[in-house]
Structure formats: structure tokens, C-alpha cells
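In the part that follows, the structures are each spelled out as C-alpha cells.
Shared between the two complexes below is chain A, which has chain B as its partner in the first and chain C in the second.
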Partner chain A sequence: MINLMKKYLQILLLLVFVLASCHSTDTAKQKKMAIIVSTLNNPWFVFLAQTAAAQAKSLGYESKIFDSQNNTALETDHFENAIASGYSAILFNPTDANGSVVNVVKAKKAGVPVFCMDREVNSPEATSQILSDSYSGCVSLAKYFVQTMHKKGNYVELLGIVSDNNTWARSKGFHSLVDYYPGLKMVAQQSADFDRNKGLEVMESILQAHPDIDAVFAGNDAMAMGAFQALVAAGKANHVKVFGFDGAEDAIQAIKDKKISATAMQFPKVMAQTAAIYADAYFKGKRDFPKKIPVAVELVTYDNINDYIAYGKK
Partner chain B sequence: MLKQGIKYCIAIVLVLFVLSQSVYFKKLSDVKAAANKVFNAPAYARNYLKTQLLPASKTSPDADQLIPMLSSNPGKAFKTYARGLAIGNIRYFMVQGKGQVTNVDENDVYVLTANKQTIKIAIEYVFGNALRDAPGIIDINDFANTMDLNNIAAAVDKIVRDEVLPPFRSQVKKGDNISFAGAFELNQEHINLASIEVIPVLLKIDK
Partner chain C sequence: MDTILSKYRSHLVKFQPLIALVLLCIGISLMSDKFMTVDNGWNVMRQISVNICISVGMTLVVLTSGIDLSVGSVLALCGAITAGLLKFGIEVPSNNLFVGFTLLGAILAGLIAGSLLGLFNGWTVTKFKVPPFVATLAMLTIARGLTMLYTKGFPISNLGDSFAYIGTGWFLGIPVPVWVSAVVIVIAVIITQKTALGRYIYAIGGNESASKLSGINISKIKMIVYSIAGVLSAVGGIMVTSRLDSAQPNAGMSYELDAIAAVVIGGTSLSGGRGTIMGTVLGAIIIGVLNNGLVLLNVSPFWQQVVKGGVILLAVIIDRANAKND
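Our next item is the complex of A and B:
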């Protein structure tokens, strides 16, 4: 009888051990990443989100993409859902540099690390922020702008979302060089929210007040393409030079076709992959992440267009 | 009664001691000043240029050594000499050299070195991160605010534009022998040596 009990006990212990092993393996496998992006209404962000998901998958993690639709309230819902659903890390493209801070803080309190991609939050609570060096990219773009314009002419600046740090980093980088040339006069500066349709509408309205412009500097390619459409409709596309930022597919084609003068190529693939790799490293115990990592941005013009494809280098 | 009085006194002293340790006073003006404290990029840039950038330029590779190495063994050249704060393809090199001026145009001075390398030195567009990043001295983790780093690059470039370029630009002409030191940018995935433009930190017409 005692022997039988001993046998049962041994089997029970073995069973407990096997179950415990299974549980710990499952826990590792069950870790999953939430990918929360500002909008999926722009192909650039779709590419960013999909690349992050692909990288998470290649590292062995399940992931889900959440679209904040440029709405911080919706973004908050996504954070709450992600935390409640047991996501172990958030790869995050914020909607608003200040408005998104509360979500990052909430995740941190829940013990969920947040890795920002491309857009910045004004808080040290994010585990790490992998950001395009927008300012420096626009310094390079501005040098080309001044050279192409031969240091004189009237231009328009289309700003992105005014609450986004990238909007001002790009604008400041551009003006840090262009403003040294008094022959270049900015006749209008208006926000078009990084949106192509708004870029078209804002440009149409600006052209009513300032028909004699020579160039447009847009804070992203979507607005640049919208502005270009407005210029085509006004019969000014051949004269007015358009400069964008992003390296989006239509802008790259437009540079090849000599419709757009230049863009600054960001590397969403590098940012998305780095964020997923950092999350994986976090799961494995790493904690000393750099708070901010800039990713270099490259100038793309007709002269070097063959070295590039949309969203990155060939 | 007396005992109770002593007890109350001790209790009051204890409470006052605890309160004095948990509450402190600061001048409102001091708190506001601390909150509004902004990074002084021009001061940082001047100190950086004097104590770090110029000394680093004196030990930088000679153009007659670096440019041929970039041509023959770019991998080694990038690994040995390139620096940069950002991840990606843009890298920066420190360089120094001597040579004879072959041309001066609106934007650049062209110098022919002893080993027949033509070096283009910027005298108009002195902007960007080359002088900030090339020595590899500044640590990104020392700066929580990205704009502080941008402002350092802008402030270093401004010192060069305001103080290094004017005396040189007003005198330099074709045929002069000059010494130079500075930094340049290169894309490591698509190396174009013809695009090299040195952002100077030191320019001297040799007698």
C-alpha cells in the first residue's frame, strides 16, 4: 500500500513538474506585442506598423495593430485594451507629443514597456524612443532648397500636425539654414495636418492670396503631393518647385518624373525593426536602453533617385 | 502635573522636529528659474570647440591618407575613422591637411594636396552635424532633449561661420598654400567621394 502511494506521489510530482515546465514555456511564448499607430490613413504608417508586426513575428511573438485614427481618446482606449488583454510590450507611434504621455505613464504603471517609433512623446517614461533625425534631415533638404532656388524667391511652408514634435523639428531644421538667406521670403505658413487632401485644400487657398510663389516646402510627402495637385490645377506646376519629407512611394515616383524636386528619406523599417528587437531584449531582461535613438534621414533628389526605393534604400 | 507638562513639552518638541524635517521652504523665484532653465547651447558649443573639437582635429587623419583609404578600403576607413550619433548610413569623418588653392567659388575653396587629392572646403554652407558628430566625443545619453543636440550643432557651425570663415574668405585666392582641419559627411551604403565637402573648423593661409 505504502509502495503504491509512493508511486502515485512520484507520478504526481512528475506531473506537477511537467505542467510547471509547460506553463513557463507557454508564458514565454504567450508574450505578445501591441502595435499602436497614430493613423493607418497614410501608407507610410501602414508600412511602419506592418514592418513592426513582421519583425515581432520573426522574433516569435504574436502582435496586433491598433489604429488611433489621430485621436488621443481612441489611443487611450487602445492602451487600456492592450494592457487588459495582457500585451507585454507596446510598439508605439504616438498621436500627440503631450497628449499621449498619459498613455505611456499608464503602461509603465502596469509594467508594460513602451517603445516609441518615429514620433516622440514629451516624457522620459517611454522605455526608449527610436526617432527619425527630422531636424538634421531638413537641414540637408534646406541646403538643396537654397541651392535650387539660387538663394531667392517666394515660398510657402505647409506644416504637419502642430502638436507633433516632428512638425517643429522639421520646420526648425529647415529654417535654421534657409533663414540666413534674406532673398528667400516665406509668404505663407499653414498647417495641413500631414494630410494629402488638406495639403491640396490649404494650397488652393494660399494660391488665391499668393499667386506669385516659386516653391513649397511641405513637412511630409502626403502634403507635398496634395500641394502639387493644387499647383497642377492652377497651371503652376512647371514653375513652382515642391519639396517634401518621408520618402513615400508616390513622392519617389514624382521625383523620378521631375514633378517633385526632393524629399528626405526616413527609414520606417529601421525604426520598426529596432523597436521590436528592443522589446524582445526587454523580455529577455535588458533594461539599459538609450532613452532616444535618432535614425539618420537622407536627401533624395533626381540626381540620386536610382539609389532609393519608397521607405528606404535599394 | 509637572510630569505631564514635561511629557507635553517632549511631544511638542518631537512634533516640531518631525515637521521641520518634512517641510522645507524655497524662494518662488528660485523654483521658477529652475523650471525655466534652458540649455545654453552657444556656451556649450564654444567650450566644446575649444576643448574638444580643435584638439581632436589635430590628431585627425591626413586627407592624403584618408581619401585613398576610402577609395581602396572603405570598410576599414569607416570602421577606423567614421563616427555618428544617429543609427543609419550617414557617417562623419575628421580630417586635416595642407595644399594649394586651385579655385575659389561662391560656395567652396578647392585645394590640391601633395598627393594630388582635390579637397573641397565649404565657405558658404557651413551647416549640419559634421563638426558635432565627427570626433565621436558627445554622448547622446547625456542629452534628454533632442533639440539640445540640434542646437549644439547649429551653435558650433555658427561660431565657424562668424569667426573662422570671414578672415579666411576675405584673403584667400588661387595659388595660396593653406592648412585646414574639419569634418565631412559620407553615406556608407552609397559612397560618393566626389560629394565630399569639408566643413572647416580651422583654416589658415600659410606664408
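Our next item is the complex of A and C:
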């Protein structure tokens, strides 16, 4: 019994010690920003979150990054925790346009402004939304696709995670234009989960069934790079055109090397910085923010590649 | 008559995964003429080589009536360590010290990291009696977090042609990853069938207290088994990294499920003591063929998940029914 109590006491002491060492200096008066992002399992979102944190820091605010792990329920927990522990603004990258509405409403009720980055929330309660327009980005990518394919050929589409709304925004944007050209035939549409290895493996299998394809449209750059590797291994990289989405470092380099044809550049840096700057302005009394600011997604090809770097413009 | 029938039945049970595989292959080839080609055969073999490494390790762990959920995260961490050391080495700015790594050195470091992570799993399981499910679940999160810390959340790419050979090269007309998985299988079969370690592994899974009474050092055996699982995850991690020419921080997500599925389809009992390496290999091939076939047939991604789950369930139901008849 005494032994047991001793053990509990030890654990308790340890906990107190750990908590004490975690607790930072007095910040009661200082305003802090919570950065809640849908996932950190994808470099794009890591970049978004870190840029927001860096901007907050340069404006003189403390911030903390919360990872929702693509789980709206976990996101709800993060909102509750952030509100309870006194964060004064939330820089928010939602997991789901509809599912995240309750969280935004909750924050609004608690008097905490929410600034959405990249992805939209279907709610007027968000203070301001700085959004990447995946749909029209894919329309301009599709325009280039139709043009380089001379309106005919067989192509493969690699979808992202099928339960992710970005997957479908991109796919629908692409098809909204490409489907008007009967000469362009989609011979396979498969998911590769936004993952490079899956992109490679799925493409290997598709190439067995359809050795005569002319192009691949991938819902993100990681899958595009995986598909490109499968094409290289099959000796088809020279005559199959690959199109990606995101503007990741590997893809920018690959376009420069004429390995893949094009990608659609999003601007996570612009969105994250704007969100943090808006939060700062909110603290200083500004209230009239534009409800929605679309940040254009730009087409990147070999012709304009020198204007771009990973995740942004030079 | 009865004995002949039961003998016949026991043979049937033994070859059950093989029969399932043959039926599956016949079915897919009837629906697609692209399936039964040499090229596609190599594709499938190359694609499953990673899962084979992981699920062979998983089989050893499951035979001791344990489980290892951390394989996917360990794979990612070891792949990242190998890639990072190869590309950047170790820099100690305060001492102006830089340690570069050769290809072999970086791979060795990745394998050692895998064995240490596995050893840690074995240590928590044996020393603190943490249930394997919980201990390795914790490691799943820890190793993923360490991967994020080490890579800072970004992929480590462009690792050089000699490293790419491991995942994409050919040797004597056979892809290198297939060689690697073949070597892993041979070693594992020898361990389980011909060595004292193998006999102890089955004994522990069959009846732990009896094995303890008969003088087997259970902690030691378990630590060895979890370490082997860690090393094999590292082997898988190095192969994936080499194949992609890039260590992805989210590599190996949910690979533990594919590995457990291979083990279970292969007829290994999750309560330990019963099962074979070759069964698991067949299980891994079945999953690989299924993945490949569903894409060849252009089955909708939604349905693919349903079909895969259904196959796993069916395999276990048949296995259970047979176990009851034994």
C-alpha cells in the first residue's frame, strides 16, 4: 500500500515538474494567435502553418500550431482548447467547408475572430476568408491541358483522398472544361491519396491496362511526381505529359528540367501572411474586413517557370 | 475413411491461401488480358516487396501473441534518417564538426535506428508489461512525431543514382526489391523452421507460462522479435525512399493495417503460436494482386476499399471455421 502511494507520489511529482517546465513566462496581457490547420502530414500545410507562425512572431505575437489531422472532431477540440486557454484570434485552415461551420460559430460567440486560410468555410461568421481558388485554378490548368494536347488523346486522372473536398474541387474544375472535348478521353480515374508512393504504384498498374496514354492529370504534385517516376521506369516519360497541382519544390524543379508539363501554383505564403496581418489589424480595432479574398491560383509551365519558386513567386 | 478425409482437409487448409490466390488470379485474368503479363508480374512483385518485409516481421511478433502497430511510422523514420544522413550528414555547428555518410553508412544507420526502435518496443512490452497493442500504438505516434521533427515536415529528395538502385534497379533480370524481399523471406523461414529461436517463438505464442516454466527466457526472445520487426520496417523504409528518390514524412501511413491483413489472410492466428512465414507471403501477394487488379479493371476507388475489407473478413471467417474443425 505504502509502495503504491509512493509510486503515485512519484508520478505526481513528475507531472508537476513536467507541467512546470512547460509553462512559459507570464503572458496574461499579451495577445496570442492559434493556428489551426487541417493536417501537418503534407508539406504544403506545414509551409502554410509555419509561415503564419513566422508572420505572427514578426508582428510581435506568440502563436501555437494545432494539427487537426484531417479530423473535424479533433478540430472541434482544438477550437475549444484555444478559446478556453485565451487565444485572441484563430488563423484557420478548415478540415471541411460544412463540418467546420460549428467551430467558427463557437469562436464567434466567444468573441474570438477567425481568419480562414486556403480553404473555405460555408459560414458568414468567419471574420475574413483568404481563399485559394482550386476550382478555377484547375480550369486554367485544363485550358493549358487542352491546348498542349491539341484537343485529342487518352489521359489518366489521379485523384487525391476521395473523402477530401479539395480532391473534388480540383477534379471538377478540370473536367468542367476538358469534358467539352470529345477527342480527350479519360481511360482511367483512380485515387492515389495525394501520396507519392501510391501515385507511382497506381500509375504502374494503369500503364499495364493502358500502355497507350498521352497524359496524366494528378490532383497534387506528389502524385504527379510518383506518376512521372512510373513513366520513366516504363520508358514512356518522353511522350506522356504530366500535369500536377500545388507548386511544390520537386514539381517546380521537374518543370524546369522539362520532366513534367505544368502545375497550378497556390500561394500559401500570401494567404498565411495576410491572415496574420488581418488578426493584428483586428487587435488594433479594425473591423471592416472583406468577407472573402480569393487568391488566384496561377498556371506554371516551362515558359514562365523562372518567375516561380516553391510555394510562391520569386 | 474419416482419417483420409481429415488428412485431405488439413492439406486443404494448409494450401488455402494459395488456392485463394490462384482463384483470384484466374478471376482477374478473365476480366482483363493485361493482368497475366511478365511486366505486370514484376510490377506486383516490386510493389509488394515492402509489405512483405514488414509483414514477415509482423508475423514473428504475432506468433508470440503480440502485435506491432508502429511498423509504418518506424518505416518513415528510418527512411528519413537514411535519406537525411546521405544528403546532409550530421552537422554540429557549435564545434564546427561535420560528419558525412557513405551510402552504406547511411543505410546501416537506418537499419540500426530500426532495430533500436524495435528494441524499445520489446523493452516496454517485457519490462513494464505494457500490452503490445498499447506499447506499439505509442511508438506509432512517437516515431511519426520524430519523423516530422527530423524532416521538419518536408520531403528529403534527390538522393543520387546509386541509392535509387535499391528501389528501382534490376539484378540478374529481377528487380532489386524483389531480391531483398526474397532474402528476407528465406532468412525468416530458416529462423522459424530450423532454429531454437524459432521454436521458442512458437512456444511462447502457444503457451507463455508453460514456456516460462520450461526455462525459456521470454523477455529476451520477445526483445529479439520486436527488434527484428524494427529492422525489417527499416528495410522497407529504405526501399520506399529509394524507389521514390525521396523520403516523405507521411510515408508508411496505415502500412500496419496492410501487414496485419497479410498475416491474417496467410492464416496466422492473432492469438499466437500458429502460422507460417510462407502463409504471410501469400497473404501479401493476395493483397498486392487485389490492389493491382482493382486498378487494372478501373474499379471505383470507393468500391476498392469495400472489396479489400471484404476479402480480409472472408479470409478470417474461413480460417476461424477451419480452426474450429481442428
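As a working rule, the second predicted complex is superposed on the first by the 240 of 314 C-alpha atoms of A that agree within 3 Å, B and C clash if a C-alpha of one lies under 4 Å from a C-alpha of the other, contacts with A are read in each partner's own complex, and residues count from 1 in each chain.
To be clear about the criterion, a residue touches a chain if its C-beta (ideal position, glycine included) is under 8 Å from a C-beta of that chain, and two chains touch if they have at least 3 such contacts.
In this text the structure is predicted, and so the values were computed from the model without any measurement.
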Legend entry - Partner chain in contact with A:S205 - chain B first, chain C second, else both or neither: second
Inset, instruction - Pick one for A:L131: touches chain B only (first), chain C only (second), both, or neither. - result: first
Inset, instruction - Report for A:N154: first if it touches chain B alone, second if chain C alone, otherwise both or neither. - result: neither
Inset, instruction - Would you check which partner chain A:Q229 touches, where first means chain B only, second means chain C only, and both and neither mean what they say? - result: second
Legend entry - chain B versus chain C as contact partner of A:S140, first or second or both or neither: first
Inset, instruction - Using the superposition on chain A described above, determine whether A:N98 touches chain B (first), chain C (second), both, or neither. - result: neither
Inset, instruction - State whether A:Q69 touches chain B only (first), chain C only (second), both chains, or neither. - result: neither
Inset, instruction - Return the residues of chain A at which the contacts from chain B and from chain C coincide. - result: none
Inset, instruction - Within their complex, state which residues of chain A touch chain C. - result: 40-43, 46-47, 50, 159, 162, 187-191, 195-197, 200-202, 204-206, 208-209, 222, 225-226, 229, 233, 249-250
Inset, instruction - Would you tell me which residues of chain A are touching chain B in their complex? - result: 120, 124, 131, 133, 135-136, 139-140, 142-143, 146, 169, 172-173, 176-177, 267, 270, 274, 290-298, 304, 307, 313
Inset, instruction - Within their complex, state which residues of chain B touch chain A. - result: 84-90, 125, 127-129, 140-141, 144, 146-147, 150, 153-154, 187, 189-190
Legend entry - Complex interface listing, chain C residues touching chain A: 32, 34-35, 37, 39-40, 43, 46-47, 148, 152-155, 157, 168, 240, 243-246, 248-251, 253, 291-292, 295-298, 301-302, 304
